[in-house]
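Before I ask anything, here is the structure I am working with.
As written, the chain order gives the labels A, B and C, with residue 1 at the start of each chain.
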Amino acid sequence: MNSQNGDREAILGRVREALRVPAPLKHPAERSAGGEPTTAHFREWLPPVGPSLDEKFALFAKLSETLRSELIVCADLAQAAAEISSLSSAESWKTIALHRGGLLDKLAPLLPSGLAQLCVDGGYDKNALEACDAGITECELLVAQTGSVCVTSDNSGGRVLSVLPPHHIVIARQTQLVTDLTEAYESLAAKYRANYPSMISFITGPSRTGDIERILVLGAHGPKRLTILLLP
Amino acid sequence: MSTLAEAPRDQFQTDANRTATDDVRRLAVRRALSNYQTARNRTGATFTDWKSARSAAATIKHEAVNHLDKYLEEFERKFTARGGKVFWASNSEQARNYILELAAARGVRSIVKSKAMTGEEIHLNPALLAAGYGVVESDLGEYIQQLKGEAPYHFVFPCMHLRRDEISDLFEKELGTAKTDNPEELTMIARRVLRRAYIDADMGISGGNFIVADTGMVSITENEGNARLTVGIPKIHVALIGIEKVVPCLGDLALLLPMLATAGTGQHLTGYNSMYGGPRQPGETDGPEEFHVVLLDNHRTRLLADPEQRDALHCIRCGACLNVCPIFKNIGGHTYGTTYQGPIGSVITPHFRGLQDWKHLSGASSLCGACTETCPVGIDIHHHLLRNRRNAVQEKPAPSESLVWKMFAFLMRRPALYKFASRFAPLGSMLHPLIERTALDPVRAWTDTRDFPSAPLRSFRSQFKAHQAQKAAAISQKGGAK
Amino acid sequence: MRVTLFVPCFIDSLYPNVGMSMVRVLERLGHTVEFPEDQTCCGQPPFNSGYWEEARSVARKQLAVFQNAEIILSGSGSCGAMFKVFYPELFHGLPEEAAAKAHAAKTWEFSEFLVNKLGVKDLGARFDGRATFHDGCHGLRELGTKQAPRELLEHVKGLELVEMGEAETCCGFGGTFAVKYPQISTAMAEVKCNSIRETQADYVISNDSSCLMQIGGWLNRNVGSVKCLHLAEVLASR
């Protein structure tokens, strides 16, 4: 191998040599005004989402149901805490994991005192996290068109919290609901500029598999349940 | 040498003859795919305009593939600026050695993998196992295939050909678990076993669905969460990705991710779509300390050098062309003998692994075009099969076949000779029953399983001639009566 | 209108009634039908086998034979696709390219010609029975023919048309594929024919006789109760 990059120059050389003859574009799309990639047209073709907040919410709620996410609209943080409390007693939780954040810092003190809390910020023991009954995270955005929750390593407790415990609880505000992935990416770009978190993940329903006879089973490796607590 | 060169074709013929009459397996595959088709039709119908979306997706991939050097360099620059490491591998051996050397240098003992067809392509697992590493596939389907000691049957649905009772028996044998006919219980068995694998692994290995140039990210699409855990927990991560997977910008995924999901599984969006921009960043909670991306050529540049078929590199590996392919449905994935099965595999394998050795895959198609119709990035799949056939003949015509077509063309250029020859069709039909389905039957490949129509005494030509004569006579009679 | 028929070799020898039915339908509509005696084969067999030079030599002959035709009408979607889609590719960059494109432009598949060129849907045909329609792949996907044959059949009195689940699934013929990979081809025929049988139709109708040779071949061997008919035969019946 030529260097620590491997065969970089050789591969790029072959690529450039190969590209000397242009290939025709068989399916010209109208998008490339001036040749620059633009995403402006995508939403004209993808599944439609109504323009108002109500329509966005209605679609998100409908898709959540199809996806078997549990969407609970809460009047305030106290109600959110009460919802977690009742889930906790129904599933006999002992420990929940969470992270520091604007919403969670206010929510954490409201949670049942008998429920131990593991805060992942600053590092955690992976066996301890694996043993937790639920993980509570904030999120970046909710996506109406796809029923997705967008988490990042920056604001949702890192990479693992939202996927290792068997029950993932997301706490979000209605204002975080965006129309589609295009708006989601625009919003992330505006927030982080060039300095993106090392992970952006769109979570669409609880973990699932169809690997056995294409029959849907929830909780393949990630959470079996995904609960979204939506605050005004 | 010649017998070696013929091996893939012989294997294909033998396996196809067996699998095409394996009614149990064919039924299992058809059942699994009918669930897919229902979901895909339902989700596809929610698009305002699937065709335009498809053109846009094709345009994005065309832009990327036709400026591959520019976008790969941009990706490398952005990804390494965030502490990632990029390694360029010309071939399987270089890619394997890099991963083996890295594992050795870091004192790795166990490795957890999430689904990577590139891993299959470079035979990574056997190399890792031979070097003494523990390797566990974490995708449920891949895990089942690993336990079974078989290659994936389908590059998106690895164990779609197995029935639940077969999986239950496998688990009983390999894991000592109780029999069950419940897919959920079977899934939970795998879940329990694999949880430990993520926690214990020192290294995670994944593939990647897209490389994003403008933000320096690797995008991974999955349903189970196993890739999230594989990329999240172990302290070293390696993503092994083909160079053609690059897209210009992050925003392009707003289109490509829903299309991949709809075409691949009939979902609006796959369970987890995650974009990774390097290792754990300063101030972040967790994530690998090292993130390596191995960019794999392995003859992709050979396909790139063919402008006529370059669009085959637009493929986003959704598997839709397999799911609609009547050949795949009847012979199944293993028969192809390739990493990439089905129509797209039949197009690209001859480029990757040699046209003369793999041309039979392009020949084994009725050219129905269901693949091209369903492809979410508009690849001209079935026409490329025709072009592979043409290229194979141009490169090295088969003497006997060549003679047949020369004689055919000779006949068809001579209408008088053709008409003379076709007069014998009725006679042939009369005599055919005497030799039908015997070694003398020239159309035995047909008549073994199907009846051959018999030629009526009067061809269209002679009937039409008589018809015209009758009409002319009628007209002249009319004229005479006047 | 002057209509020039292209009658593929297998229709000429094996299914002459299909050609004669096309003649009857067109003459009833008042068109003049001609059949250049010097036509042979479209060249698809060597083309599909990769022998493009041999295919070109056959194709050149057809370009010459049909040079003066106004409309070239094909009773097979497959041969129609050869003319319309593959001739331009076959002669791409060669001196005959313009002639190939002109030839392609005046080629019509039978049902498309009736519905979309002539604007006729009701031919006053009568045919009693329950039937299902098979979409030949070349007609369906290379030429985009889907609705035209159905619109024609809907106007046939006495005919009950039922769609099969696998209407758009390939029958497994594929030209030389059917004899190069007979097991795969037969497995495909079986899937197709089982779908036909599920409709409990008495007839399977198609606009491509090559598919019907495969479907009929399997049905006759294994079932024997479902009959195959070309669209033209149904439209010509009174």
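The rule is short, and it goes like this: contacts are C-beta pairs under 8 Å (C-beta built on N, C-alpha and C of every residue); 3 or more make two chains touch, one makes a residue touch a chain.
Bear in mind the structure is a predicted one, so any value in this text is a computation, not a measurement.
Asks: Most C-beta contact pairs, which chains?
Replies: Maximum number of inter-chain contact pairs occurs for A-B.
Asks: Could you pull out the chain whose C-alpha mean position is farthest off from that of chain C?
Replies: A
Asks: Just give me the whole-number Å value for how far the CA centre of chain A lies from that of chain B.
Replies: About 29 Å, centre to centre.
Asks: Just curious, how far off is chain C from chain A if you go by their C-alpha centres, in Å?
Replies: 52
Asks: Quick one: report the Å distance separating chain B from chain C, using the average Cα coordinate of each chain.
Replies: Centres of chain B and chain C (C-alpha means) sit 30 Å apart.
Asks: Tell me, which parts of chain B touch chain A in their complex?
Replies: Where chain B meets chain A, its residues are 28, 31-33, 35-36, 46-50, 52-56, 58-60, 62-63, 65-69, 72-73, 82, 86-90, 94, 97-98, 138-141, 144, 157-160, 162-164, 167, 183-184, 186-188, 190-191, 194-195, 199, 215, 217, 223-226, 228-229, 231-233, 243, 248-255, 257-258, 265, 267-281, 284-287, 294-295, 297, 301-302, 304-305, 307-308, 310-311, 378, 380.
Asks: Which residues of chain C touch chain B once you look at their complex with the stated criterion?
Replies: Touch residues, chain C against chain B: 7, 9, 11-20, 23, 35, 37-41, 43, 45-52, 54-55, 57-58, 61, 89, 137-138, 140-142, 168-170, 172-175, 177-189, 191, 213-214, 216-218, 220-221.
Asks: Under the touch definition given earlier, write down the residues of chain B that touch chain C in their complex.
Replies: 16-17, 20-21, 26, 30, 326-327, 329-331, 363-370, 372-373, 383, 386, 389-394, 397, 401-402, 405-406, 408-409, 411-413, 415, 418-419, 422, 425, 443, 445-446, 448-456, 458-461, 463-464, 467
Asks: Per the contact definition, I'd like the list of chain A residues that touch chain B in the complex.
Replies: 1, 4-8, 10-12, 14-19, 21-32, 37, 39, 41-42, 44-48, 63, 99, 120-124, 126-127, 130, 145-148, 153-154, 157-164, 180-182, 184-186, 189, 196-215, 217, 219-223
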